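Shared chain: chain A. Partners: chain B in the first complex, chain C in the second.
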Partner chain A sequence: MSGYWAGILSILAINVIFAYGIFLPVATGQLNLGGAGFQALGAYSAAYLSAMYGLPVPVTVGVGMVVAGVVGFLIAFPILRTRGVYLVLATFAFAEVVAGTILNSDTLGGAMGMSVPAFIDWEVPVIVAVCVTLFVFYLMSTRFGLTMRATHDDEVVTDLMGVNIRMVQVSAFAIGGALAGLAGGLYAHAFSFVEIQSFNALISIYVLLYVLLGGTQTAWGPLAGAAFFTLLPEFLRSFLPTVKSALAALVGIEGPVGPPDDSWRFVILGALTIAMMVFRPEGLITRTMIERLRFRRSTAGKEVTA
Partner chain B sequence: MLLIQQFVNSIMLGSVYVTVAVAFTLTIGVLNFLNFTIPTLFMLAGMVGWALAHWGLPFGLSGPMTWPLALFFGICVAILASLLVERLTFRYLKTKYGDSTEHAIPLVSSLGFLLVLENLVRIGYGTDAQRFPGPSADLTMNIGGIFVRIPQLVSLGIVVLIVVGLTWLLKRSRIGRGLRAIAENPDAANILGVDTNRVVPVVFMLTGLLCGLAGALFAVNYGEVSPQMGEDIGTKAIAGMVVGGLGSIWGAVLGGLIVGLTEMMTIHFFGADTVQVAVWGLLLLTLLLRPQGLFGHHSIGKGKL
Partner chain C sequence: MSASLLSLHAVSKNFGGLAVISDVSFDVPQGSRTALIGPNGAGKTTIFNLISGVFAPSEGEIRLEGQTIDALPSRSRIGLGIARSFQNIRLMPHLSVVENVMLGQQSRAGNLAGMLTPLSLFGRSKYRREAEDLLESMGLSTYPGEVVATLPYGIRKKIEVVRALVAKPKILLLDEPAAGLNNTETANLRDFLMTISQSGVTLLVVEHDMSLVRSLCDHAVVLNFGRKIYDGSTRTVQEDPAVLEAYLGTRQAEKTRNQAEADHVA
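Moving on to the complex of A and B:
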């Protein structure tokens, strides 16, 4: 496998894990716009332990995950007291505080970043991503997953039904934080280098867009969103120059055409976001869509038992 | 003396934050919508103004008045862009399923607009910071040993005028009554004959105007524009708005000034690197300890966003 595809598979796997980390709070109705903060916590914990103490990869990544999860749990109590716009702002502010603290910390390399000695190949993130996907699917099928969906759909009624919604929300937020930290730890080892500039506010925005555009109703959504938006830029990388040459030929410009600006990919992501929100705001994959697909396949056996 | 000078500087810096913070707070107060295109509109006005001043104005208008006219067109572009955002984000907000994340639809669309507009500007004008050919920023006035730059003083005056005008508009005019009614309860306002489709665009026009104006003032005062100039200002303005309290215009004014002061004092005592931590820490603390800010109303921004 070429290095190019290995890199894409790594980043795809990491993005899927990261997207699930944001999906869990969103699935309980909490928009988390601080994903980059949790990812940075995981990445820097892993990088520090690996660089300073030479600990093996499973330990560093595990510790990174636990650190992000514990921080998520601790801030969930005060942060989830806020709601709506306030919650979005609080998570956003949290990520900025994490980034600012790391930037000013000399032990973590500050603006210079840190190199990570232990390297993992693409297989590890992919295997972990598969495990995480299965875990989230399992989680959504449990009673806890049901209460998460119920909290998302209507908090008041769920509360009246005797569900401890606060417990559900805090757990979802903390598990989500841990998953984002896991993604960060894997990122640190897969790319052998961490710098705080790569955990900026735009990353938090992108990952939230993956989740919301993929759909928040089922665990398929983040998978589809993350896969689509990780692979789309790579597809556009080869597709856009073709379009530009074709357009140039159409207008009658002769000779070689320079490659288009890299920013076009983000323009397309933004435009897709706007279009999705206008035409299909519930996301690409919805619960009814999944049910319909399933219904067609297993009509014969189910009808009797139902 | 240095401290007093820093204090004066912080008010001048804060006045830009105030303008953008007022734009944020207006959208949240009336529509319960955190509009992430605001920093982009700010940047758009500055960059379009620069581009027109740099490459010449259309319709043969270039001449001695180039840069004010260029900035004027920049502000117009910001207002038009803001109306486009209203068309494609807010107008489609219709409750279909009643679950709690669907209220985030305008917010998510505005994030999409942020990506589109910012990257289009990058494609068109490049990512480098550009020098804005405004009046010399060295025009200073010396008041008892304190240096005040004249363009900044003028911008401060403009900002004060705008805020007072806005308060008057909201309190006294028919449109303002409609806006306050929508802020209170959109459905009831609709039943009582407030035409939402005519009143809501006013919020977006005002947003575009405020952001465009702030961008123009920034270009004149600091003599530099770049596609990234909105990010920093946007975050400071959000912090200012939260500190002052969501939905309160005078809260945003005070909050913007407090953020400017915090920034200058942090630079003075701890150096420039810690500014981000100080400002965001201030924001996080406010959210955790007193979410309604200094003047905010309890109910605003709490709805299921």
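Moving on to the complex of A and C:
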């Protein structure tokens, strides 16, 4: 496999894990715009342990995951006292605090970043992403998943049904933080280098977009969202020139054509995002859609047996 | 009258300076179908919120089977046997019918093992089967997998009652179960609630539809401006002067009373 495709697969797998980390709190009704902060915690923990102590990858990534999860658990208590846009701002501020702390830490390389000696090939993130996907599907099928979705819909009634909504919210936030940390640890080893600039606010926004545009009602949503938005820019990068020259040939223009060129793919991505928000605000994959597919399957089965 | 299941003792509730409930005491007898009625703003829903723990009373005490429940958090009360429905349907719109009902099992299945057991990953769990069976026995088995937001109003009202019922409550608080239903649906609901009552569940019902109250309930408590003005049989409630006055105003009440006397003389 070429280095290009290996890189795409690694980043796709990492983005899927990362998206699930943000999906869990969002499915519980908490927008988390601090994804980059949790990812940075996982990445830097793994990088530091690998560079300083030469620990094996499973240990460094595991510790990165635990660090992000524990920090998520601890900050969940104050942060989840806020609501709506204030919660979004609080999670965003958390990511900035993490970034600022790392930037000013000489031990962690500051603005220079850190190189990570142990390298992992694309297979490792892909296998871990499959496991995480299965885990999230399992989690959403349990009563815990049911109470998460109920908390998202109506906190007062969910409480009256006997659910400890605080426990559900904090758990979803902390497990989500751990998954984002896991994505960060894998990132550090897959790209052999961490610098805090690559865990910026834009990353937090993108991963939240994967989740919101993919759909927050089922565990299929983040998978679809992360896959779509990771692969789309690459798809546009490889196909845009072909499409353009075909069009140029059609209208009879010769020689190089002006914009849109390669770098315009993000413009197209942005336009698609707005179109999604307008035409399908509940996300690409919804519960009704899944139920309809299941219903069709079961009625089809009945017709066969009847 | 049989022993009281739920009782309020001199309960008051103030929101800031506004007294919404003032010194209200009443008993809900075991096995009864008690109506809680009164004009708009009388404090009926507030009483429900006090009983279910959404608010704590400013003064007074609420007892279930003689034990005070005021110190208990709202989420623990359903486990003791107090379940409720809401004035505006409050089902979870993004959950399917059967998932909404399974939420009502939380008080029995909310321990760690219960939380982490899949409900429908490998076939149907016992909780899912229980919910589906209850829906079927209540005549609601048509769309267990359907997302609630898409269903008709009358069906959603019933599902809300089933969700409360699956918690195996001792007392069911129903906040305007017939609001927005047509005559057929109301008659249907009445039979549905009678079935529930006959299975041994005590009902406390807030309702404006007086014909439903008369045909369903055996005991009525009337509130006006946060005070209790009547406590007794549903048969005599509409002849009570204080109740007439609260509903119709003083002058109209006198006219009605004079009319009644005239009829009596004649």
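Everything below uses one rule, namely that the second predicted complex is superposed on the first by the 281 of 306 C-alpha atoms of A that agree within 3 Å, B and C clash if a C-alpha of one lies under 4 Å from a C-alpha of the other, contacts with A are read in each partner's own complex, and residues count from 1 in each chain.
In this text, a residue touches a chain if its C-beta (ideal position, glycine included) is under 8 Å from a C-beta of that chain, and two chains touch if they have at least 3 such contacts.
Remember, it's a predicted structure, so these values are computed and weren't measured experimentally.
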Partner chain(s) touched by A:141 [first = chain B, second = chain C, both, neither]: second
Touched partner set for A:162, first chain B, second chain C, both or neither: second
Comparison of chain B and chain C by chain A residues contacted: B
Partner chain(s) touched by A:84 [first = chain B, second = chain C, both, neither]: first
Partner chain(s) touched by A:277 [first = chain B, second = chain C, both, neither]: first
Partner chain in contact with A:153 - chain B first, chain C second, else both or neither: both
Residues of chain A contacting chain B in one complex and chain C in the other: 152-154
Residue numbers on chain B that touch chain A, as the complex places them: 28, 32, 34, 88-89, 92, 96-109, 111-120, 122-123, 231, 235, 238-239, 242, 246, 273-274, 276-277, 280-281, 283-284, 287-288, 291, 301-305
Chain C to chain A touching residues, read off their complex: 52-54, 74-79, 84, 86, 90, 92-96, 99, 102-104, 106-107, 109-110, 114-121, 127, 145-147, 150, 163, 167
Contacting residues of chain A [partner chain B, same complex]: 26, 29, 31, 78-79, 81-90, 92-94, 96-97, 99-101, 103-104, 152-155, 201, 205, 208-209, 212, 216, 261, 263-264, 266-267, 269-274, 277-278, 281-282
Complex interface listing, chain A residues touching chain C: 137-138, 141-144, 146-147, 149-150, 152-154, 156-165, 217, 287-288, 291, 294-295
